[in-house]
Amino acid sequence: MSLIRKPLNRRSILRAGAVGGAALATPTIFTSKVWSAGYLNEPTGAEVILGFNVPQTGAYADEGADELRAYQLAVKHLNGEGDGGMLNTFSSKALQGNGVNGKKVAYVTGDTQTKSDAARASAKRMIEKDGAVMITGGSSSGVAIAVQSLCQEAGVIFMAGLTHSNDTTGKDKRKNGFRHFFNTEMSGAALAPVLKNAFGTDRTAYHLTADYTWGWSQEGSIKKYTEGMGWNTAAAVRTPLGAGDFSQYITPVLNSGADVLVLNHYGKDMVNSLTQAVQFGLRDKQVNGKDFAIVVPLYSRLMAQGAGENVKGIFGSTNWHWSLQDEGSKAFVKSFGQEYGFPPSQAAHTTYCQALLYADAAQRAGTFEPCALAAALEGFEFDGMGNGPTLYRAEDHQCFKDVLVVKGKENPSSQFDVLEVVEVTPRSQVEYPAEMLGGELGACNNGA
Amino acid sequence: MVTKISPARDYLLFGVFAIAVLTMPVWLAPIGAGYPDLLQKFAIFGLFATGFNLLFGLTGYLSFGHAAFLGVGSYTAVWSFKLLGMNPIPAAILAVVTSGVFALAIGYVSLRRSGIYFSILTLAFAQMSYNLAYSVLTPITNGETGLRVLESDPRLFDSSANADGPLISNLFGIEMTGYAGFYFCAVVLLIGFFIAQRIFRSPFGIMLRAVKTNQNRMNYTGLNPRPYTLAAFVISGMYAGLAGALMCITDPLAGAERMQWTASGEVVLMTILGGAGTLLGPILGAALIKYFENIFSAFNEQTLHEAFSFLPDFLEYPVVSVAGLFVGEGWHLTLGVLFMLIVIFLPGGIMEGVSRIGRLFRRSSSKVEPSGATAPAE
Amino acid sequence: MDILRVEGVNKSFGGLRALNNVNFSVEEGTVQAIIGPNGAGKSTFLNCMIGRLAPDTGTVMFGDISLTGMKPYEINQVGVSRVFQTPEIFSELSLMENIMIPAMAKRDGSFALHAFKRLDQDAEVRDKALHMLEDVGLVEKRDEIAGSLSRGDKRRLELAMCLSQDPKLLLLDEPTAGMSRADTNNTIDLLKRIGDRGITKVVIEHDMHVVFSLAEKVTVLAQGAIIAEGKPEEIKGDPRVQEAYLGGAHL
Amino acid sequence: MDVILLQLLNGLDKGGAYALIALGLTLIFGTLGVVNFAHGALFMLGAFCAVSFNALLGLDVVTVDETQTTAWGTPLEVRTPYVEAYLGDFGAWILNYSVPVSILIAIPVMLLVGFIMERGLIKHFYKRAHADQILVTFGLAIVLQEIIKSIYGANPIPQAAPVAVRGAADIGALFGFDPGVIVYPYWRMVYLAFAGVMIAGVFAFLQFTTFGMVVRAGMADRDTVGLLGINIERRFTIVFAIAAVVAGLAGVMYTPILPPDYHMGMDFLVLSFVVVVVGGMGSLSGAVLAGFLLGILQSFASMNEVKAIFPGIDQIIIYLVAVIVLLVRPRGLMGRKGVMEN
């Protein structure tokens, strides 16, 4: 039982005890609101607590572990330990490496299990028990949207981790939620011109799409942009999440007349479907006198490692890659590599940036109050974080920045060196009007 | 034996249980579990497991698809919020009714088989529900994202005045979050526990045990086992539906993964871990699993170092690295080890441990008393 | 008056003819025995009577109710109880509970949803159960788990369970199989005692001692057909019966 | 036509995999009467025998190249596998054939795992309730997969098939179809053949050896065999070990098709139970039949033409078939009365 000897946060004991007692007497006053002065979980001591909510079990556990590493690194840098990483290249100089608003940054962690229920339970623990003023992390859109709406209702800021669905900052956007990662719309806009250069305009695509919201979102965006440049779509087939063996979906591709296969899959589905598609000889096939091509619109370097040699020559888009040569990326890769011995993933990058951006906004606002902080983030222009000049758009809380189009590397020099950057699509090319994706931000919530 | 327990003892048990549940925020705080969300989960999953136990513990029919009813209850509750308004009472009632109807349909088919064949039938129905809810039924379930209440929903009986606040279920003005939410769940759990207790002591309850023991004799005693098992299945499905509704009342979001086989498996594990066929066991099992899931997963290296900082450095690091395997991302390992230890050393689950300790006590305080539950001679 | 009338019953399993045009009747209030060598079709016959097996042809009439095609619990509900060769009891429940269940089945029918009543407050059923346990001499053990009883006690418990339903017809399948001589005699006494209640009984038995001390009429079954019927003393001297037993391939 | 043929091929291939996984499970059911929730974990362990063997082969000489640096500033390390460094061409050959060669490693490892599991744990649960068996084997499965996760992480680890069988064969051309119409990967055909051999092997073993006869007798009637004075316990251990080997080898050979991760056992667990139950508890031929039936139906249900009529049918086909089979045939396709019915 010694494991549970965790020294409890004094504050949470007091609060639980007090509220428990009060609740028994008068049942109307015991919402958490009563117990916070200005806003929910306002830090009163020498520390400010952030909640890092990442998948630690399940298919995305490795991505979650990488996110957690990045967060721990960010906390170090914020508190002035280590080499400072991107703080040195970040265009805003508000942060001094002495904590945020004079408070040392502390954190709590939790497991989302990549399930909405578990992720919300974990986030609630951080808010209710540990007193976190901000929740961040996650590796899927379902979880991001679920936790974002929870944070909106509770009244804390949510800084999304890896989430690629349009809905996160579209249909389901929230005033308290912010996303640094790109989305399927941007993937489509960035990929299409590159695909046009590589494969021409006379192509017929066959989509295999994971049968849930993110998959549909991805399929829609890619269709929109490829059809816009003259491609046809032979078919778009939905595959069950976690199908494992995709052979029954791949064989119809062979004789469909299509010459491009688009795999709207992520994670294990992507690894499996890509591996199997290559086994079926699709990469070496000739159709209508053209080389058959496979496209994986959303690449993740961690997952690409799982597909091994099968990724060679296959196009996709990604939010960031460690081989980028700008100052920000180099600084981040250096401090991450020195700390852990291998390069960071895009999940690590986006979460590291989110942590820094949050801290910077808090410093500039001079408070951790969600509404003030949101105002500081909205419309914020910055640079030096690896993706060129970036805007946190006020209308939908989506970051607009350059998007990378990558390709599986033919001759990797190490196990981490599986992707090469083909093109950095400039931000102007992936911008779209905020009202296009619908949704309402609503009012911000301080939780008090 | 059941018939030996007097009504007075039952009321005493219920009273002690009620006090224990209602004071959980106080006495669970020292072990880090005294915050509303986890307390709500204890109550909700306690209710779920109690209902499951009415089927499995009494009749021995092992359903591997009970999460389907949890999901159905959840979706019904959210639809009730969306269409009728944010009051939890109609949501709960509708959830119980719908899950009851679902259970009736699934139970009617599945109960034509017994043993593992029954288990697989229920599993198949639940998996079909899950797969469809995640994909093609998205218009009803909102798929991966989960069904939520939106500003634009009709909410017939809500005054439009409170439409600008967060969309949280409220009982005549009391918002069902935080401790209010917990007490709402706790009261429902107590009602559910009370009903379960009465069923355990009732003629119906004894008939269910008869189903488990010897269906052949039941038949030749003039009793038709089928309606008994079906009734137990439906009641148990209703409990699950109610638990699903409570999940949405405290947090208005219904996701499909609630119906996945792992969720069905979880309630099976909770029940066996606590002690199938006992009243308190499943609730203890539920609490234990939820505690591990929420608290053990939250330890990280930093907290471990704090916890073991009293050790000298040369000990602290190895201890932290060993302990680190079992917490944080390794919390599943702890759970697996726990399952094995309990089932190996306490065949009757946690409740067997409790009764062993109880027997030790009685033995030391009074003379040896003949235990009613001696092992069968054969 | 005949309480049970079996007419022209045939039953085959694959190519094997287990029952061949069996006609059989039991007069109300009597004790009738069915004997026969191993494999004579006794158990098949019994199973046809209580709905476990459906006869290929023929009818089984209980009073003016046809039992063919009825479910076992329906047959019990019209007043037929059965004691099995190996005692069928609720071995995880206490003796009291074992007897309360059939008593409730008798009172409430094949299904009743009494989910809120307390079983221990049901004085009627409890008294009846206590009374029955006293009758079979198991009242001291009323709170023990049935599975822990000796075989003889289990048999007595099963008998008590059947009797607590006040059946009109009681079928006993080798009620003394595997018992010691003393236990057998106890059982015979018990069965004789309950004979006073006017319950009609059909006993399938191997043990001639039991048959001749209990039965008023004996039916001999061999190779699926009835070869003799009559009072015990008549049967004793019947050469066909001796032939069936001694000349049978199974002995 | 070609589409149908291809789906049939897919179905056979899938069916082979399903049957192979279900075979060991039903063997354990039939003889030992144990509900083994750790069966998926055995499959996963087998796959990780291949991963480990490959990793072992990949152990390398590290030479530091001072002239180059990594992106984070440390000197670049150049790695050459030992086997290649010392064994030259033969080493390269082993690396190439690491998946099939690791069968040789997997057999003793899985035998040992099966032996330890049965002697150390399962043995004590023969007489316990099925619920207890489920809990203990589920706990064991979690422990095993967490151990693998702590060693290899959560991400899938790719295992390449030997170069010679990496591509796809144009089978259609052999039978007079147009070239490129019916193309099927070599490795999947290897897997199908392998599944066939394994299944035949297990059947032959049970059919033609004395040991097998006793086991079959045990499956039919455990009590009687016990009464005959045959030491059934020792045979149970062996049966369990064989089941572990079958599951493990199925895992080894599956790695080029499905890059293994620590969770793959759980992913297959539910499916293998459905196959076993549809086939009929404890029936080996039933499991094989059900494996192929479900594999083929699943393939056809995934066709666009079918999905256009029944949307989402490919999501539920397995379970739908399970329900229908169990309602029409109470004990599955070839199950016997009284096995696992209470």
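By written order: A, B, C and D. Residues from 1 in each chain.
Assume a contact is a pair of C-beta atoms (placed from the backbone, for glycine too) under 8 Å apart; a residue touches a chain by one contact, two chains touch by 3 or more.
Please read all numbers here as calculations on a predicted model, not as lab measurements.
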item	value
Distance-maximising chain from subunit B - centres being C-alpha averages	C
Most central chain, judged by mean C-alpha position against the global CA mean	B
Centre distance in Å when subunit B and subunit C are each reduced to the mean of their C-alpha atoms	45
Whole-Å gap separating subunit A and subunit B, where each centre is the average of the chain's CA atoms	33
Centre-to-centre distance between subunit D and subunit C (centres being mean Cα positions), rounded to whole Å	52
Distance from the mean Cα position of subunit C to that of subunit A, given in whole angstrom	74
Residues of subunit B touching at least two other chains	131, 134-136, 332
Interface hub residues of subunit D, defined as touching at least two other chains	312, 315
Residues of subunit C touching at least two other chains	none
Which chain pairs touch, all of them	A-B, A-D, B-C, B-D
In the complex with subunit B, residue positions of subunit D that touch it	35, 121, 124, 128, 130-132, 134-136, 138-143, 145-147, 150, 270, 273-274, 277-278, 281, 311-312, 315-316, 319-320, 322-323, 326-327, 330-332, 340-342
Subunit D-touching residues of subunit B, taken from the complex the two chains share	56, 60, 62, 109, 112-117, 120-121, 123-125, 127-128, 131-132, 134-136, 261, 265, 268-269, 272-273, 276, 325, 330, 332-333, 335-340, 342-344, 347
Of subunit A, residues touching subunit B in the complex	2-8, 12-13, 16-17, 19-21, 23-24, 27-28, 30-32, 56-57, 61, 64-65, 68, 107-111, 115-118, 120-122, 124-125, 128-129, 141-142, 145-146, 149-150, 152-153, 167, 172, 211-214, 238, 240-241, 440, 442-443, 445
Sites on subunit A touched by subunit D in the complex	57-62, 65, 211, 235, 237-240, 242, 244-245, 247-249, 251-252, 254-255, 268, 271-272, 275-276, 279-281, 284-285, 302-303, 305-310, 322-323, 330, 333-338, 343
Of all residues in subunit C, those that touch subunit B in their complex	50, 71-74, 76-77, 81-82, 84, 88-94, 96-97, 100-102, 104-106, 108-122, 143-145, 147-150, 161, 165
